[in-house]
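Mind looking over this structure? Questions follow.
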Amino acid sequence: MTAVNIAIVYYSSTGTNYRMAKWAEEAAKEAGANVYVARTAELAPQAAIESNPAWKAHLEETKDIPEAKPEDLDWADAILFSMPTRFGNVPGQMKQFLDQTGGLWGEGKLVNKVVSGMSSAMNDHGGQEATVKSLYTTMMHWGAIIAAPGYSDPITFSTGGNPYGTSVTVDGEGQMKMDIEPAVKHQTKRTIQVASWVKNGQEQ
Amino acid sequence: MTAVNIAIVYYSSTGTNYRMAKWAEEAAKEAGANVYVARTAELAPQAAIESNPAWKAHLEETKDIPEAKPEDLDWADAILFSMPTRFGNVPGQMKQFLDQTGGLWGEGKLVNKVVSGMSSAMNDHGGQEATVKSLYTTMMHWGAIIAAPGYSDPITFSTGGNPYGTSVTVDGEGQMKMDIEPAVKHQTKRTIQVASWVKNGQEQ
Amino acid sequence: MTAVNIAIVYYSSTGTNYRMAKWAEEAAKEAGANVYVARTAELAPQAAIESNPAWKAHLEETKDIPEAKPEDLDWADAILFSMPTRFGNVPGQMKQFLDQTGGLWGEGKLVNKVVSGMSSAMNDHGGQEATVKSLYTTMMHWGAIIAAPGYSDPITFSTGGNPYGTSVTVDGEGQMKMDIEPAVKHQTKRTIQVASWVKNGQEQ
Amino acid sequence: MTAVNIAIVYYSSTGTNYRMAKWAEEAAKEAGANVYVARTAELAPQAAIESNPAWKAHLEETKDIPEAKPEDLDWADAILFSMPTRFGNVPGQMKQFLDQTGGLWGEGKLVNKVVSGMSSAMNDHGGQEATVKSLYTTMMHWGAIIAAPGYSDPITFSTGGNPYGTSVTVDGEGQMKMDIEPAVKHQTKRTIQVASWVKNGQEQ
């Protein structure tokens, strides 16, 4: 049984989705997968970043995390995305990354990638569902296999019950309002599980 | 390698999605799957049906097709849905069927079903995308594994290029404006293929 | 300035969306609108209803509320919808009602209706966003004018921050987990306000 | 009756949506509106642009069109957006622009903007519906008033029947496969009409 390669691609301005990505990384290692964590390139004007100390600090803190490249996805059997909402859709920083996968897409190399998404928002219903669903629309264009968590584990119910993907509400101080770490880990392991079936099935 | 069980669940008023379901059935048999075709119960008032001769004739023509029951889904490894748009969403007849799966859902029996959807509309852009995407939202609640066709085969490009699922435009006389049979068959076989990986992976 | 006619169309199994509809009715009266409240027809099998005492009791309690008819919408300048999620989409009972508006739609009589939607779910992120958004897809087919509340009033932030429409989480005992009455009332008044602009503009 | 200010904000790589924006501009002038046309900033790497002669030529051709700034939206009563699909969602170039409206949004200045969207794709069903619907999700966060065309004019039926917004399929040579100019003009005038009702209603 070949180990699954999972790419965890996130965008984070002040750290929430970075933390989610790191929990996912831990779970992926526990599951025996090969893991690669990468952040999508920042697009915001420097002035916007400078005006928000938490944003600036987080960028500095994660400057050694590699920037996601479309070609990273070629290596991956599974891809887990994490990003905050921006008005009910993925941030420009994530969308611009996804838009750059046209080359791989044209070669059919994104077909059968097993994918899953996570999100965060400042309000309980401020795009946590809509953002992950927007991501999945793009995944359908890829011909990817979508493994939303649904209610595949009781942990979903006790962490807000988002069947599209784990999500969290962040308060004004940037604190997550709920401990979603176990839900992130469940979603990661489920994604790897499905990818393992797909990968091994294809290899037979 | 255990054969895949595929349920083909459709709603059709005047026959388009019935024909799509039958093409899918042929493809499923070719692929060696066990197939069960069922139609969702009609909900329209008798007067509405009587006022449309094509609708009445089609109901008569398909009276021996079994009515879909939620428990049919328990048997299935893969489920392919086909339905016309009704204002950019699945018809009430399909939604009411889906709503009745709450019992199976509560027992976790819909998790990991491999699913895919097809649609039709009277206008090229009159809900062909939106209808299939609406179906997939419900599938995410199930924890199903979504295998939209994407552009996994060149046939998608030559039949309208709907990555969410095969779709067709029907003219005023009820004729399909394009030959989508090969796209239906590709989508069916792909769904079975993915379900085979998932089923065999789970059995190991 | 002609008063606005608002139809409040809801589906409720155990009472949550009925209560939301009644709060909306109060707000509509306060705003000087003519109000008509109607419930969409029940489609569930009698056995399902009988098996749930709260559902049966609620049906009994509201048996005098008129059943919504498509033609009610012709009278309305504004329409406010309220319904629980069913797997991230409107319930079959609401969809079947919407599907029956084909006649009015064909005559162009749904164009420029001012519409807005509300929802409920058993989980915080269990379709509260997705359900209202599904409704709006259908509204776009109507050529209706969509007045989602957005963050047009601070009350949105303090009641879960759902910009698509007011929503609420209901616990296992059927209790709303948050007091959303003021948000319902704001959304109702905003819908009437926009409808008033549209109605008076058209009459000039 | 005060004239409506309409901003036409588009992204175009090889010219389709630029042409749509220009048709909209003509219609807006005919309708007596004040019009401002602006393109969202290009984000693609220079190498990607250089590798596509049509893209490079179009960028050169439109270098005098002003770049859209969030503050342009403050002036506008109505906003019409036009953009190609990128995997079933708005392009990164449009999303990044929308993301920069956080300041205006925080001041409540986007509430009651009357908005509408248009799209294009390389396949008939390759995101023409999904892209406009993705835009509208963001508009709901703004508290904008969404005026999708629906089937408010027969021209919608004869130009592909996209109720969410006018859309067009572009062939491999960059040619539009249908004459959508009258549909663009209808949608523009309808958007201005609704905005006129809203603006004059607010001023009373």
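Labels for the chains are A, B, C and D, by order of writing; each one numbers its residues from 1.
By our rule, contacts are C-beta pairs under 8 Å (C-beta built on N, C-alpha and C of every residue); 3 or more make two chains touch, one makes a residue touch a chain.
Since this is a predicted model, take the numbers as computed values, not measurements.
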Open item on the list: Farthest chain from chain B, going by mean C-alpha coordinates, please.
Closed with: D
Task: Gap in Å, rounded to a whole number, between the CA centres of chain B and chain A - done: 29
- [ ] Just give me the whole-number Å value for how far the CA centre of chain A lies from that of chain C.
- [x] 34
Open item on the list: Among all residues of chain D, which ones touch two or more of the remaining chains?
Closed with: 88, 105, 126-127, 130, 133, 137, 140-142, 163-164
- [ ] Assign the assembly's chain-to-chain touch graph to one of these shapes: line, ring, star, complete, other.
- [x] complete
- [ ] Could you pull out which chain A residues touch chain B in their complex?
- [x] 105, 108, 110-112, 133, 136-137, 140-152, 163-164, 194, 196-198, 200-202, 204
Task: chain C residues within the chain A interface of the complex - done: 88, 121-130, 133, 156-157, 160-164, 167
TODO: Quick one: which bits of chain C touch chain B in the complex? Just the residue numbers, please.
DONE: 43, 48, 86-93, 95-101, 105, 126-127, 130, 134, 137-138, 140-142
